[in-house]
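Two complexes follow with chain A in common, the first pairing it with chain B and the second with chain C.
So, the complex of A and B:
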């Protein structure tokens, strides 16, 4: 075995390949090749009107459009010194619950779990575990229904605007979700119990975990950016702690801390940094899972996602029960020139946006740092750490174990690519 | 497996993944669909793949690189029926905004070393490179329409897809006209139905993500939208949006920008 090569990774969002070069049984080169073409979002956002931005940035990612809408809305609201109403904030959290449920159920069951059963897809998994896959689809559908009830549709919903929402969604379709949400909570608790029994490859990495932290709630939309190494930054100061480095080898921008280290964003970071803010059922699910914190095995981010699935079902139930919005759905815009940053936790991790706008409300500058770009150096470092084990395996198993590691990150290559400096490999 | 089971391949080009996700979002139908057809290639869903040729190819995304030009030709040669899935594949998508600018300028804005990039100056629909048998518009596509297309192909009939504009969907769901009643700019009268008139139902104007309806009076739609503008250039930007490279929207926006004393 001279190389482990997967020219086209399956079950990830977007198109990428994996290459591990071996010499004398040691990995000498590890690359996650991105051949997703650039789309230039920060380019064509310029001179668009601010109210168009959430509709445009949603199109960066079909799996987590809400995250892009939220980070851009908060960034622009900060630039305009707008504070949305408490009810709009609550509805944004409910919307985020829907996206987390949909995205995590997709990843747990359809993208990662087949690897743990030695199957190529959820379709094959359905042949041996039909109930697991049927429950998975229902869990996922309920997330999509939340998004539909609030935003009209689950992919690129249309109701989020700068200042809040275009209008309050009707209460009846939202409240009608309650029985499904109650079922979802129980099923998600079962999902955690199931997830801890699965055979994860062994790997422990001493990560620097980075996530949004909020003292009063599970950090998703506001708070400070915390690191397990003790760094605490206001959202507006993100770029003082985290930089993007041009790595010549891959021609890609890689996220690094200001000290030059790799770091990890996503479900493991959130659970490890914010488990005290989980709601009771999720806290119990975490306790019952008997995991040693911090969780350091990247393959076990599936369990972290399952615990979050419990948490977001639990929160969705609370928010749906109390949904009774009053007053206007959005604050009226008062245009002025300014600059603002926004960061929210996308299902895949911290998503940072910064905009400069002029007095007419036109975007003059946009910077977007998606979670997968921040994790990219970490994925490659993990593959390197895993290599000594992988090289001892038969080739098919080695390839699958490496692929599985990449998939466990839930990389969103479509998201990452609009700004990556990439070398397009002629593969696929 | 019966020999008559049609094979389906799903491909991604330059896009957000949202239209492929619409396939995976068919939670109630997905397992039945996987039984009714042979999913022969679908990278986002499965590692398993079978070599072509295929009966049906569903293609998401637009063509933005030389490599993609070659790839769509290869896929065309392997597919009996080629379906362009979503507004990137039917009109170039939001990334087709580069077609109205200098793509090199965009690359310089976003990248330190644009010379490392391989990209075309344009983002174009599949139909500019190969023969497309069917186009399914939407950003994202409506999954009910995807199911209708697949079911109609399985049953050898023509799919039943709307050709009328979003206005009719507003009437059907009882939404009061945002354009006439609230004076909000709206592309609904010139945009083909399919989304369910979601934006007007939220109290905002349609932004045209399902693309232009056929044989509409775009000049008149442009005039009324320009009159209702809430900020300078709103009508222009509405036409030059998600479906901005679709010929009817493209020409309408061109006409606005070439009119003196409009935006600048």
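So, the complex of A and C:
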């Protein structure tokens, strides 16, 4: 029996294992095993007052706290039939721009790029390309500064509440970000030009792409859940199209469509379904990249993220320039028993929440479906598709190619729960 | 001299949150020091690489964080720069970049820049299960942690 094992995968969150079973030189089984105990946030939330929920769910992830705040806030606002003011909605989009910027800058440069340079870590990348890494840190910092200007803290910002924001942030610190944002836009455009030159492994998958779609803007908050197979659902009907199933060997739930198929959420899905809603500079960056749409190579998620980086810098500039909120920052709460669903596009993909609340505003039931849980079966299927190539490679290259594929998804296993060791085994 | 005092830790994960809680206690117990204009206080649950942003503009920094090193729970460790560099984080990812790796990366990228003195006050944990609240032993250590923060700040201010 042939067994290949490598230590826990670097540059993804958490702990788990990757197993590839071979028979006569062919891959017969691929499993992504999740070991780490599940995070009990859904249980945590029971009997909590609704206004606590955005700040508790934000702690699920240090990289995408805003996504958790936003999905939970919209879900609870839907349960209470609250409509936030247009200015609060605009500020939520600006906050989301900050999160996309810091999350994408981190993933593009610090998590995935080392693979494309054949380097083990961002340290090695920093040694050969210090200016690339310096730019990455500056791009990321600007995203965190947006979060700080709106939410008081650069990680786990705290201003979002049910009904809008606790208070309007001062305009001066937000507008002071403009020169940095202008620099960031230009650097992000250069990032796309650089990203298309990188040596991606070849792999084409016929995905079912799923993302939030909004006719008037790049879908991030509100809209419909669209699938490339033609399924269009209201957010409230998400569970009619997509289910989660428990897989015995794993601590994470696995997402499937109602027909039992795998599907993909994240940057490739958004770009493929929503490229017409990109802002002009991002649209131009996409056109100049001369990519054939839909992009079907999961390794090229990096390019999709780079294009989104342009888009969110561009949008942030617009929103910062026009930031002049009027009226109250939040709608007053009127408590009632009810149920509501909310979904927003986290940097890693669709993030769905549903809550039942009682007449005192206490959470009685919470369901959180993170993007990584939806993508887990898809990652396994991709690895199976890649396996015939992987098994012919020398061990080190095989490992790197498999790990790279998983990393290209930017799995946040601490959200889905955790993550990875590679084991290739000759069975039978 | 600008001094950053930064509490780090996940307050929803038991004793892991002790750094954040200790810094808040120190602010309450020593407001005259904590509110000085040359002291910058921050708390961050999972700063990762954003730690570099929190250190930006400071001439010295005190980090307060949970530590797991097989000492008795509640033990206070004071680590200086060199010891900090040798302290490996368990974080396997850039999502969870530890303090040591983050500072190492900064040093690689800015070799010519003089590093600011950074000290870490580490509190030995008892448990880091999911859940809010410190274990009794770690909670009892809080007044001593506050004193340790105050002593470090005073020492830096005196220099």
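As a convention for this text, the second predicted complex is superposed on the first by the 405 of 428 C-alpha atoms of A that agree within 3 Å, B and C clash if a C-alpha of one lies under 4 Å from a C-alpha of the other, contacts with A are read in each partner's own complex, and residues count from 1 in each chain.
Rule of thumb we're sticking to: a contact is a pair of C-beta atoms (placed from the backbone, for glycine too) under 8 Å apart; a residue touches a chain by one contact, two chains touch by 3 or more.
Quick caveat: nothing in here was measured; it's all calculated off a predicted structure.
J.: What does the overlay on chain A give for chain B and chain C, a clash or a fit?
T.: Pair status: clash.
J.: Taking the superposition on A as described, I'd like to know which of chain B and chain C A:158 touches: first, second, both or neither.
T.: first
J.: Give one of first, second, both or neither to describe whether A:371 is in contact with chain B, with chain C, with both, or with none.
T.: Neither partner.
J.: One more residue to check, A:42. First (chain B), second (chain C), both or neither?
T.: After superposing on A, A:42 lies in contact with chain B but is clear of chain C.
J.: Quick one: is A:137 in contact with chain B, with chain C, with both, or with neither? Answer first, second, both or neither.
T.: both
J.: Any idea whether chain B or chain C touches more of chain A?
T.: The partner with more contacted residues on chain A is B.
J.: Once chain A of both complexes is superposed, is A:106 in touch with chain B (first), chain C (second), both, or neither?
T.: both
J.: With the two complexes superposed on chain A, say which partner A:361 touches: chain B (first), chain C (second), both, or neither.
T.: Only chain B; A:361 stays clear of chain C.
J.: Please pick the stretch of chain B from 99-107, 225-233 or 243-251 that overlaps chain C when the two structures are superposed.
T.: Residues of chain B that clash with chain C lie in 243-251.
J.: Which parts of chain A are in contact with chain B and also with chain C?
T.: Residues common to the chain A contacts of chain C and of chain B are 8-15, 39-40, 44, 56, 59, 62-63, 106, 110, 122-123, 126, 133-134, 137, 140-141, 144, 153-156, 412, 414, listed in rising order.
J.: Give every residue of chain A touching chain B within the complex, in rising order.
T.: 8-15, 35-44, 46, 48-49, 52, 55-56, 59-63, 65, 106, 110, 114, 120-124, 126, 133-134, 137-138, 140-141, 144, 152-156, 158-159, 161, 165-167, 246, 251, 360-361, 403, 412, 414, 418-419, 421-424, 426, 428
J.: Residues of chain A touching chain C in their complex?
T.: 8-15, 39-40, 44, 56, 59, 62-63, 102, 106, 110-111, 122-123, 126-127, 130, 133-134, 137, 140-141, 144-145, 153-156, 412, 414
J.: Touching residues of chain C toward chain A in the complex: what are they?
T.: 10-12, 42-50, 52-54, 92-96, 101, 104-105, 108-109, 130
J.: Can you list the chain B residues touching chain A in their complex?
T.: Touch residues, chain B against chain A: 12, 14-22, 24-25, 27-28, 30-31, 34, 39, 43-48, 64-65, 67-68, 71, 93-95, 97-98, 101, 103, 105-107, 109-113, 116-119, 123, 139-140, 195-196, 198-199, 201-204, 207, 209, 231-234, 237, 241-242.
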